[in-house]
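The structure's right below; bear with me while I get my questions together.
Labels for the chains are A, B, C and D, by order of writing; each one numbers its residues from 1.
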Amino acid sequence: MKIAAGFVLGMAVIPRHGDLKYTFGGVAPAARIQPGTRIVTWTEDCYDGAVTKPGQIPSKVQLPGHDNPQTGPFYVEGAEPGDTLAIHIEKLEPARDYGISSSFPGFGALNSTDRTALLHADLPETVWFYRVDREKNVLRTRSQDGKRSWEVPLAPFLGCLGVAPAGGEARSTIVPDDFGGNMDCPEVRAGNTVYLGVRVPGALVSFGDGHLAMGDGEIIGTAVEGAMNVELTVDLIKHRETRWPRIENGEWLMSVGAGRPLEDAARVAFKDMVAWVREKTGLSEMDAYEFVSQNARAPIIQIVDPNYTVLVKVEKRRLPSGVSP
Amino acid sequence: MKIAAGFVLGMAVIPRHGDLKYTFGGVAPAARIQPGTRIVTWTEDCYDGAVTKPGQIPSKVQLPGHDNPQTGPFYVEGAEPGDTLAIHIEKLEPARDYGISSSFPGFGALNSTDRTALLHADLPETVWFYRVDREKNVLRTRSQDGKRSWEVPLAPFLGCLGVAPAGGEARSTIVPDDFGGNMDCPEVRAGNTVYLGVRVPGALVSFGDGHLAMGDGEIIGTAVEGAMNVELTVDLIKHRETRWPRIENGEWLMSVGAGRPLEDAARVAFKDMVAWVREKTGLSEMDAYEFVSQNARAPIIQIVDPNYTVLVKVEKRRLPSGVSP
Amino acid sequence: MKIAAGFVLGMAVIPRHGDLKYTFGGVAPAARIQPGTRIVTWTEDCYDGAVTKPGQIPSKVQLPGHDNPQTGPFYVEGAEPGDTLAIHIEKLEPARDYGISSSFPGFGALNSTDRTALLHADLPETVWFYRVDREKNVLRTRSQDGKRSWEVPLAPFLGCLGVAPAGGEARSTIVPDDFGGNMDCPEVRAGNTVYLGVRVPGALVSFGDGHLAMGDGEIIGTAVEGAMNVELTVDLIKHRETRWPRIENGEWLMSVGAGRPLEDAARVAFKDMVAWVREKTGLSEMDAYEFVSQNARAPIIQIVDPNYTVLVKVEKRRLPSGVSP
Amino acid sequence: MKIAAGFVLGMAVIPRHGDLKYTFGGVAPAARIQPGTRIVTWTEDCYDGAVTKPGQIPSKVQLPGHDNPQTGPFYVEGAEPGDTLAIHIEKLEPARDYGISSSFPGFGALNSTDRTALLHADLPETVWFYRVDREKNVLRTRSQDGKRSWEVPLAPFLGCLGVAPAGGEARSTIVPDDFGGNMDCPEVRAGNTVYLGVRVPGALVSFGDGHLAMGDGEIIGTAVEGAMNVELTVDLIKHRETRWPRIENGEWLMSVGAGRPLEDAARVAFKDMVAWVREKTGLSEMDAYEFVSQNARAPIIQIVDPNYTVLVKVEKRRLPSGVSP
């Protein structure tokens, strides 16, 4: 892996609310950075910061189209289509001492939506506030009637991390696709590196939609959502194409697929992993197909966004080795 | 949970090949057992035992329709529609010192099939033999050219465990559905209890298709397949309906959904888990929807069988508790 | 097309209610017939005849599993796997002067079902009676409040026509698949010939579920349903395999595909039509792909049964001809 | 239906190639028009005019992202979100005496694609030229080996007709969605009126991708494609929201749904038709559900674009009427 020249620079960029963006692509860069720049910044929550206390109904206090506000985009000097960004996430911390989760009318996995378009009346829009307990490293909330409580382990990640799409497209920040975007993937977390293929000059990378925790499927339509303090470094790998988002750490190779129906999102990620294993090991296609078949972990990420997402993971230490003579 | 009267009896039932069955439903019972009976037996591999050495092509040596031969079915005395079987799996061990995996023409997640019916020529039918290394607790195989090798941790489970379906149906042993069947679920393993709703008098429970290990998705169409020594106890819970298969152990509640497209399999399992959490805690539906949304793990089980399967898991210790006054 | 030897015999078989069947496969033949036999008979409606007057709620008066009762099955002498039945439908007439349509809880295209499993409460079970106006050749009904009326042109067909499936399976009469079954296809009508591949000795062909009319999609879950007087002739084509149901008349070639998601049902039918065009014309695969792409009609048949069905049609007179020198 | 004030003006706008657009949204208007303006213009073919003679391979001569070039967009004075454009298509004629069809690698219904991502090698990229025979009103082509020929009736329509999407999005001209776009719908033809909801001030309506003929499904990925002479009038209906594209003529009401899987595209269109029938007749929801269920025609439009499209049609003369006392 050849890392482009560049030096690491701490650059604090705390965006004003008016500078937040609501699309991937179609917007001017917030800043230009050299490859290798460490960005120290902050992201607003998915509610655009409009929900601040119990009793508020998100769909009434939030402007339409103002979901998942983005910090950025950053124009990466020298990045061109055919290159890859390697984004090292160094730190993600809740910026407030609460998180919010809610159902939205017409959004979610177990209710009628704009596409799974049925004749049922909407389920009631409902909101839960979660306390961040940094000591116990959990989130805590109560049932609507106040009689029951539960905890969720704190596990922060960025729901959105993406570059501008190809072909002059601009996509809503609720959409995940080959450019990354609203992947809602728990592995976009501190300690991991995310690879995104560059589609436009400068890449125009942005991020937001901090999740304090989320179950697989994100079935109600939201995670435990919260503003986030973010530190990450954006590196550039010249002349390496990345068709679909990849994530890596010391132990795992991970591919993210997006699409509908859900089996197509899975096929995308599995096919990418077969290719990645071949790149790493030189296996034939059929051998790599078999290897991934017996070794993959494949959690459903979410089944609520305009494209569904699936993660396929393979442990590096399981990768085939040469046979000793 | 009221367990029906019954005593535990060790009963060794080693079936002859001619007694194996290839459907759930539509076949006479192999034996009648009392609830609480411990069954000590053996299952043939998914290839009907026809593939015994490298060089054999499964589709040429195996009779059509002879996939996933079943041991059983067992008629459980007193079991009636509206009841539930609780099947405690006590022991699963590879019965041979090798396992087999292969691709089949027109079967698999990354190739044209009978339903995802495309114009491409089939991928080549390919077979891998795996050695069972009981000491290291791994399976080991080589690439087709013999130059690379890889290991997979041994993790035995039963691909098939099912009862006779409702409505006079008899289903192929490659099909998973609400009656269980070919769920290919790694949690059908020693230490876990599987709940299946009874659909016909006597339930007619059978099992087979031992998997020595399998990755999520089972994308090439097979796990590492092998004959298995099996010990399990079949209990009967009277007057409890179980609509979809559930699995439980000391730590987890698990629901299995089946269907196509894959999001429908997921919806089935998630909806069942929302209901299960409500049964356990008394939460309202919206609260349970939120709870599962933030706490579920949801691996894809397989995307190759006539119905796809998804597992949804929730940790018991995360279940909501009462709020202290 | 070589028709097997056989003579045409008018055979009136009016089944008693107790002789009706509720599965394809798994039941003994009602009669044995020679190829070429003309069957003159009658079919009960999809409600098993249990709904006879307004005010009755189908799910309360109909036995569970008693949907789409079948007349038959008929054992066709000499029919073996690898052969094809050619079923010429000569006459279909409403046997009563009313038809019935209704919604069922958990069944239909625009509501939560057992697979598209959502948290919404069921839509209300609702029934419409239609008068058969033989003079005007229409069906007529009223809105639930009695204030509005509408007509549907009478267009009778058999919702169910199928043979016993392969592999020892028995399938519910609500299921369509490669063996035919509950295709709900409006082209299974008088004047057309339906080809079904034989899966078991004797084929075991049966039919029922008369539809007086139906819109594409059958979205509420039922057509205008009615008992039917039926005349059809069952011919046998030896040594011709038919993988998926085909329908033919003087003007059209038609393939029926079944599966989920709906695009898979479509792929099955389109792929079969590409093959059929090649059989008829000798076109290359890519040419046939292009020809079908520009010439097919492809109505959605239904999106409510356990498998969805799609019809793909090509006009015979459009088939490619040789280029004159 | 209140038509906004405006006068009909013939306005010839023949775009230069450099003025063609490749997205819906994200581009400046080509012209500003008053509601009621008749636009007399021309559209380039889907190949961006780059394929001009047999032997050329589209993927080699066409710039990436230059599919389906658009004439426009037109800024409609006074159009605001919450309004509807009524686009009356008056004339569509092939602008050249040939049309082109081709397969693209990784695009099509019966081959592996970017989402139905399989391991098969691509099918060969293949091109067919069709002669336009204006006298016989057909298109004519030959098989690749020149030995067979076939005809397709000339039936011109616009594959693309759309407005700028909401939320700051810009979408590729290969995408259909609620804003119209690449619907590939044969009913976007002379004699019909298309209703599109306005999403941004001025609506920014554009069109292109002339199809000389197309089969249902568009399975090879293209119709018979051709440049087109176009005459249409853009009217504005103030204060009427249109959530999904609708099409109307003297005989039919038609709704277009887009999405994946295909059943979701169908659900969108069927749900919209249930609503439209209620608007026209005052029927209750359940009655309208039943009425559409028995009266709809629902051809698959295409199963190749990023969203699939389905058309649902109801004959106006079948709409319920009042019951005479």
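The rule is short, and it goes like this: a residue touches a chain if its C-beta (ideal position, glycine included) is under 8 Å from a C-beta of that chain, and two chains touch if they have at least 3 such contacts.
Remember, it's a predicted structure, so these values are computed and weren't measured experimentally.
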**Request:** Pick out whichever of the two, C-D or A-D, is joined by more C-beta pairs in contact.
**Result:** C-D
**Request:** Report the chain whose mean Cα position is at the greatest distance from that of subunit D.
**Result:** B
**Asked** subunit C to subunit D: how many Å between their CA centres?
**Response** 33
**Asked** What is the distance in Å between the mean C-alpha positions of subunit B and subunit D?
**Response** 47
**Fill in**
subunit C residues touching 2+ other chains are 110, 116-119, 123, 260-261, 267, 270-271, 274, 289
**Request:** Show which residues of subunit B lie in contact with subunit C when the two form their complex.
**Result:** 22-23, 25-27, 64-65, 114-119, 166-172, 178, 257, 259-261, 264-265, 267-268, 270-272, 274, 285, 289
**Message:** Under the stated contact criterion, what part of subunit B meets subunit D in this complex?
**Reply:** 110-112, 116-121, 123, 261
**Request:** Would you mind writing out the residues of subunit A in touch with subunit B in their complex?
**Result:** 101, 103, 108-110, 123-124, 126, 128, 139, 142-152, 213-224, 260-263, 266-267, 270-271, 274, 281-284, 286-287, 289-300, 303, 308, 310, 312, 318-323
